[in-house]
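Chains: A, B, C and D, in written order; residue numbering restarts at 1 for each.
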Amino acid sequence: MRYLTAGESHGPAQTAIIEGLPANLLVQNEAINRELARRQLGYGRGGRMEIEKDQVEVLAGLRFGRTLGSPLALRVLNKDHENWLEKMAPWGQLPHSLDTVTQPRPGHADLSGALKYDVYDIRDILERASARETVTRVAVGAVAKELLKVFEIQVYSYVQAIGPVTAQLPVAASVVANYQAVETSPVRCPDPVVATQMMLVIDDAKAQGDSLGGVFTVVATGLPVGLGSHVQWDRKMDGRLAAALMSIQAIKGVEMGDGFAAAARPGSLVHDEIFYNSSTGYYRKTNHAGGIEGGITNGEAVVCRVAMKPIPTLYKPLNSVNMADHTAFAATVERSDTCAVPAAAIVGEAVVAWELALALREKFAGDSLDEMKANYRSYMERVAKR
Amino acid sequence: MRYLTAGESHGPAQTAIIEGLPANLLVQNEAINRELARRQLGYGRGGRMEIEKDQVEVLAGLRFGRTLGSPLALRVLNKDHENWLEKMAPWGQLPHSLDTVTQPRPGHADLSGALKYDVYDIRDILERASARETVTRVAVGAVAKELLKVFEIQVYSYVQAIGPVTAQLPVAASVVANYQAVETSPVRCPDPVVATQMMLVIDDAKAQGDSLGGVFTVVATGLPVGLGSHVQWDRKMDGRLAAALMSIQAIKGVEMGDGFAAAARPGSLVHDEIFYNSSTGYYRKTNHAGGIEGGITNGEAVVCRVAMKPIPTLYKPLNSVNMADHTAFAATVERSDTCAVPAAAIVGEAVVAWELALALREKFAGDSLDEMKANYRSYMERVAKR
Amino acid sequence: MRYLTAGESHGPAQTAIIEGLPANLLVQNEAINRELARRQLGYGRGGRMEIEKDQVEVLAGLRFGRTLGSPLALRVLNKDHENWLEKMAPWGQLPHSLDTVTQPRPGHADLSGALKYDVYDIRDILERASARETVTRVAVGAVAKELLKVFEIQVYSYVQAIGPVTAQLPVAASVVANYQAVETSPVRCPDPVVATQMMLVIDDAKAQGDSLGGVFTVVATGLPVGLGSHVQWDRKMDGRLAAALMSIQAIKGVEMGDGFAAAARPGSLVHDEIFYNSSTGYYRKTNHAGGIEGGITNGEAVVCRVAMKPIPTLYKPLNSVNMADHTAFAATVERSDTCAVPAAAIVGEAVVAWELALALREKFAGDSLDEMKANYRSYMERVAKR
Amino acid sequence: MRYLTAGESHGPAQTAIIEGLPANLLVQNEAINRELARRQLGYGRGGRMEIEKDQVEVLAGLRFGRTLGSPLALRVLNKDHENWLEKMAPWGQLPHSLDTVTQPRPGHADLSGALKYDVYDIRDILERASARETVTRVAVGAVAKELLKVFEIQVYSYVQAIGPVTAQLPVAASVVANYQAVETSPVRCPDPVVATQMMLVIDDAKAQGDSLGGVFTVVATGLPVGLGSHVQWDRKMDGRLAAALMSIQAIKGVEMGDGFAAAARPGSLVHDEIFYNSSTGYYRKTNHAGGIEGGITNGEAVVCRVAMKPIPTLYKPLNSVNMADHTAFAATVERSDTCAVPAAAIVGEAVVAWELALALREKFAGDSLDEMKANYRSYMERVAKR
C-alpha cells in the first residue's frame, strides 16, 4: 500500500493516489469530508479556512462507494484558486506584471527550497511547502480510517498544550473514553478550564502579532498485537510513526508513550509488567511504552505525543534578507493563523491512521476485504491460544 | 543507496550489505573498527562488552581500501558464538536438552514477537531484537561517515542526561567545538561535574538492581543547504532522521532543534532570522530549528535530541507470565548493563550519518567519487551566487 | 522519480502523479497532447477512439509551463464517462437494474481478477485492466520525453509485423533516420508495400471477426554511456526496460538488440567490436547488443523488439464459463479493435522514455534542470577524456 | 520480502541477505547446495567449475534449520580467492606490480562500466559483472523454492536450443512430466538425439574458439490463481518475471507463453478458452498465455522462454581498444566456457522462484509459516466456491 500526493496551495487542486486497498471496502464520502472539516476547525485559524469548505472528489477506484482493489484517485479543489488564476496558471506565458516573492520567511522552506531548486520566485516553493498539502494527507488518512474501522481500530487526538499553557491530563485511555469533551472543545483540549486558558493565550498572541505552537497526542486503540517488526530497522512501527508525524509541517518532536519522561525514571518504574487472564489473554496494567515494544505493537493503545512549533508566519516581523538584492527586510505575512495545533492534531490522526493501516495490510494482506478479515481472524485465534 | 542487516545476538555473525556507494571512496578498516570500539565503551555496561572486541571484515565491494561501486558486504563475528554453538546452530537437529525461553521480559520484543511470529522459544525473537544488532548499524554508519568526511561533514554525539541527572549544556555548536571533553568522558557528557554525578546514579542504580535511560544529542555539521525535500512527505529530512533514531532499540523520543521546548515559546522567539554576508552567504545567528526547515537542511548544524528508556532488563524483578503455562513469574535477567546511553549515542551518530549520506547521494548522485564531488561543487557554486 | 496512475476505463478520469522531476523543466501542453493523439491513431482501431479526443489537464506541479520540482498531477477525462454515469458512479447506491458482467473473456484479466479480488461483477476488474489505462502511461512518458529532449535523447517506434506479415527492415538507426515514413504510415511500418499488406490482413481479420497482434520496435538514440548498473540485479537497464514493456497490456515478448536471433549465432558474430576515434571517442560499427552491455547503456541506440498478442476481444466467439452459474457460453465482445499494434508501439515509446528518464535522474540527479545539466556535462567531459 | 547480494568473482565471498521470510520454514542445507551444484553442471563449461564446489554457509536467520522470521545471511566462499589474495585484497596498499586490465572485452560491462564508475583498472568492474554473481541468486532462489514447496509449487527448466540446434519439444507440461530426461541430460535437453547434436555443436564451437548461446524454458507449476495484479504497471507478474530473467547475465530475450509466436497468429487461435469442472473448478485446455493473463497468474503453469546470447569471451579474438592508450587490440580471454545455457537455465529457475515466492508473500503474508498456510487455504477455499 502506498500513496503520493500533489498540489500547490493556490493551484487548481490537491490530488492523491492511494494504491493497495483491498477490494470491497466501503468508503463513505461523508467520512472523508468529515475529516476534512475537522482539519479546518480550531480556535486560532485565520481567514482562509472560511474560503475553503473542502470536499473530496473521487476520480477512480470506487464504484457505488466500494473499492475495486484498483488505485483510488482523490481530488480536493482549491477554491481559492479562482483568485489566483493568473499567478498560478499551469500553462501559458509568465505574466508581465507578476509579483514575485523574493523575501524568504524564517522558519519556512522558503530559503532552503529556493536555493535547492534554483528558483527565483519563492512562490514556486512555498506553494507546495504550505500546510494546505495536509488536506490530501487527511483525505488519505480518512480512507485508512475506513479500513481500520472494519477491524475496530480507532484513532483519536487531543491537545495537551498551547504555548505555555499545559493541561494535566489523565492517561490516554481515559481521555479517549470521554472523547466528546475533546471534539467539542475549540482547542481539542478535554479540560474545559485549561481550554479557556489556551484560548486566552491565543487571543493574546494574536493581539501581539505573534503565534503559538503546542503539544498534541494521537492515540490508536483496538490494535492487534504484532504490527511492525523488530527484524529490520526500517520495519519498526515506532520508527515509521515517528517519520510520519515528524514529516507534518512544523512538527519538531515526537514521543512514543512516556517518551522523554521515561528517560528520567528508573527501569523498574518504566516497563509495563505482563499479566494474563484466561478470557482476554495477555494484558498490561500500565502503558508507559505507548503500545510498542521492540518495534512491534503489543496490543495496548498506541500513544504518540507530538510537539508543534509556532506557525512561522507572524505579523510581528522577523529579520530576513531579500534574495533579489541581499538587502535586509522584516519578513512578510503570507497567511495569518495564530495557532494551528488543533488542526495539526487531525493531521496527526491521519498519518497515524495511514501507517497503522499500512502495517495491517502488510501483516494480513488479502486482495478483498473478506480475505483480509479471514486472515485477521485466523491470526487472532492463533494468538488467543497462546 | 540502501542497506540490509542480518544477525542474531549469539549466532555466527552480524552481516550487512550496503549498496549504492560511489566508486573510488577510500574506506579505512581502522575507521570502522574505531566506531565499533566507541560503541562498546561507556560507563554502566555489563560483562559482554569484554568478550566481544568487534572487528569488521569486508567480504565484497572494496579493493585496496577503495570502493568499486559494487555492494559492500560487512561481517562482524559474534565472538560469544563459540559458547552458543549448540543452542544457536543454524543447521541440525533441535537438541534434546535445549533450554527454551518461555518467559517474556516486559519492555522487550519478547511477548509481541513470540505471538507475531508464532514461536515457542522466545530466544527465536530476542536474539534478533537484541541491541547486538546495532553493531552492523554502527559499521554501516562508519562507512557513511567516510563518505561524509569527503564533503567535510562531521557527525558528533554527546549525553545530556542519565536518569534524573541532567547537564545544562551550551548550544550544540559549542559542545562539539570542545569535543575532546565528550570523547574522554566515560558517559559522553562534556561537563565533568555532571558526568561524575551521572556515574554515581549509575552505580546507585546498579546497586539496587535497577537500570537507567537518558538523553543524548546527535549533531551534524558542514551540511550543504538543500538535503531532503518538502515536496513529498516521505522525503522530508526530519522525518527520515526521526525514523532512523526512533528505530534504535529503547529510543522513545526524538526532537529536532528545540523540539518540545519550541512548542512552549511564542513564534517570535522560535524562528531563526536570516542574515547575509557577502563572504559566506546566508546565515543564522540562532539554530532553534536544528538545521532543518520545511524538511530541508538549511546549512546550519542538524541537531537531534533523543530520549532512551532504561534498559528493560533488571536484576530487580518485573512481573510477567510464563507463556508455557500462564503462570506468573518475576522476569529473568538476560544481560546486565545498567545504562547504555553513551553507547546508544554512538548508534545515533551512525544512523544520522547514514541518513545524511543517503540524502547526499540522492542530491549529488555520481557513480564515482570524483563525479559526486564535481556535482557537489557545481551546486555549491550555484548556491553561492544567490 | 516515481509515478502512480489511477483510472477506470469508463470512470470519471485517468489520473497520474509523477514525482521527482527537476525544477525549471519546460513541459508543453501540446507535447503531451500530441503523444495522446499518436496513441489514438492506427489502422485497425474501433469506434471508441472517435469518442475520446484525449486532452491532458495539469492539476499540480507546473507554473507557466515550467516544473516546480513538486509532484505533477495529470488528469485526462474519460469523455465516454457521461454515458456511464450510473453504471460507474463512484458513490451512491448500486442501481437496481445494473447489468453485471459475469462472463469472463479468455485472454483478459477477467477470470483471474474476479477470483483474486473476490468480486461478483467482472466490470470491477475489466475497467482497470483495460488498455484505456495506457493513456496515463503515455502522458507520463510524454513528460519524460520533455526531459530526455533536453539531453538530446529521442525515443522512436515502428511496427515490423502485423499478424503473419513481417517487414524486412534495415537496422534501427536507418529506420529512424527516415522516421517520416513511419509517422505517416497508418500501421507505423516504414515499408509502404508491406504496410499495405498489413492493412489488408487487418481488413481480412476484421471481416472474419478475428484480431491480430504483431511486433514493434522501440528505439532510443542520443543516450550517454552509463545508464543502469551491473552491481545489483534490479538496477540493470535491460531488466527494467523488459519489465516496463512486458507490463503493457497484451505484450508477451521482449528482446534487447538481436534477442532470440543472437541465441542462434556464434559469439564471434554477436558481440559488437569496440573502436575508437579521437573526435567521438569509443564507438561500435554494429549494435547487436541493442545498446546495453552488462546492464549498462553503452552509448549506442537502445533497441527493444516487442511482441503483442492479438487483442483478446473477438467477434468470433471463444468458449468460456459464466461465473454466476458455471454454464458455458461464447465470450462477449466488450470492444472492437481488430489490431492495436501501432498504438501499443506509442505506449512502448512512453514506457521506455520513462525508464530512461528515471535512469538519467538516478545518474545525474540535480534538483533544478540547470543542476542536472551541469552534472551531465561534467560527466560527459570526464568520459570524453578516457 | 527483499534481498541484496554482494560479491566479486575472485573476492573473498559471495554474500546475500534475504528479508521477509515467514518464521518456522524448514530450509535444508542440502537443498541449497543441490541447487548450487546444478548451477555448476552443464556441458560446455570451462575449468573454473572444477575449482569451486560451492557450499552455502548461513550466518543468520536460521536455527536448527528453521527460519526465525529474521533476515537470512548466506555466504558462499570463492574458493579461487586464495589464488587472488594479493590482487583482490579488500584492504591494504595497491601492489606495485599489479596487472591492471585496461582492455575492455566486447559484449561485457567492461567499457561502459569503466566509464560510468571512472575506474582505470577494468577488473574493478568485471569482478562484479561476472556470472559468478549468480551463485547468490541461485542460493536465494533455493530458499525461495523451499517456501514454494510448502505450497506445492515447483519450478523447472530445460534447454530448447543451443546455437543453431533447436529441439521440437512438446508443451511445457509434458516436458516437466518427464523431468528425469532433462535432469540427466548434460545440456538439459529432454530429447536425447537433439542433446547429442547440441553437444556436437558445442565441441565444434570450442574447437573454433567460438562460443554459443541458446534458448531455455522455465516452468512453474502448482500456482494459485491470483498472483500479481493488473492494478498498477509495476505489479504485473509478467513484467516482474521479465525483469528478473532479463537481468541475468547474457540474457537478451524473454517470452511469456507463446511470446513472439502469438504475435503471428489470429486471436481465435491464441487465447485460452475457459472451462469448468465441478471437482477442479475453472481450467484451460491450452496454455498459450503461459499462465498469466492481465498480469495475474491464472492457475495454469507459468512458462517463460528465455534467449541467451553466446558468452562474450572467446578464444577467437574480437577487435577492441586499449583504454590506456587507445590502441586497437584483439580482445583477451578472461575465462573459457564455450556454452553456459544449461547453467543459465538453473539461474532462470532461481529468479523465477524468487519472484513467485515474493508474489506469494505479497498475497498471503503471514509472519509464521502456519499463518501463511492458513491464509492460503482460506483463499483457496473461497476461490473454489466461485
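The working rule: a contact is a pair of C-beta atoms (placed from the backbone, for glycine too) under 8 Å apart; a residue touches a chain by one contact, two chains touch by 3 or more.
Just so it is clear, the structure is predicted and the values come from calculations on it, not from any experiment.
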>> Spelling it out: a chain qualifies if it touches chain C and also touches chain D; which chains qualify?
In response: A, B
> Given the two chain pairs A-D and A-C, which is bridged by the higher number of C-beta pairs in contact?
Replying inline: A-C
>> Can you tell me which chain lies farthest from chain B, using the average of the Cα atoms as each chain's centre?
In response: C
> If you average the CA atoms of chain A and of chain C, how far apart do the two points sit, in angstrom?
Replying inline: 37
>> For chain A versus chain B, what separation do you get between their C-alpha means, in angstrom?
In response: 26
> Measuring from the mean C-alpha position of chain A to the mean C-alpha position of chain D, what distance in angstrom results?
Replying inline: 44
>> Can you pull out the residues of chain C that are in contact with at least two other chains?
In response: 4-5, 19, 69-71, 116, 118, 125, 128, 226, 229, 231-232, 363, 367, 370-371, 382
> Which of the residues in chain A come into contact with chain C in the complex?
Replying inline: 2-8, 11-17, 19, 23-24, 29, 58-65, 68-73, 75, 88-94, 116-119, 123-125, 127-128, 367-368, 370-371
>> With touch defined as at the start, can you tell me which chain C residues reach chain B in the complex?
In response: 19, 69-71, 226, 229, 231-232, 362-367, 370-371, 374-375, 378-379, 382
>> Help me check something: in the complex, which residues belonging to chain A touch chain B?
In response: 4-5, 104, 106-116, 118, 125, 128-129, 137, 161, 163-164, 166, 205, 208, 210-215, 225-226, 229-234, 236, 238-249, 251-260, 262-268, 270-276, 278, 282, 289-290, 293-299, 307-312, 314, 316, 318-321, 323, 326, 328, 351, 363, 382-383, 386
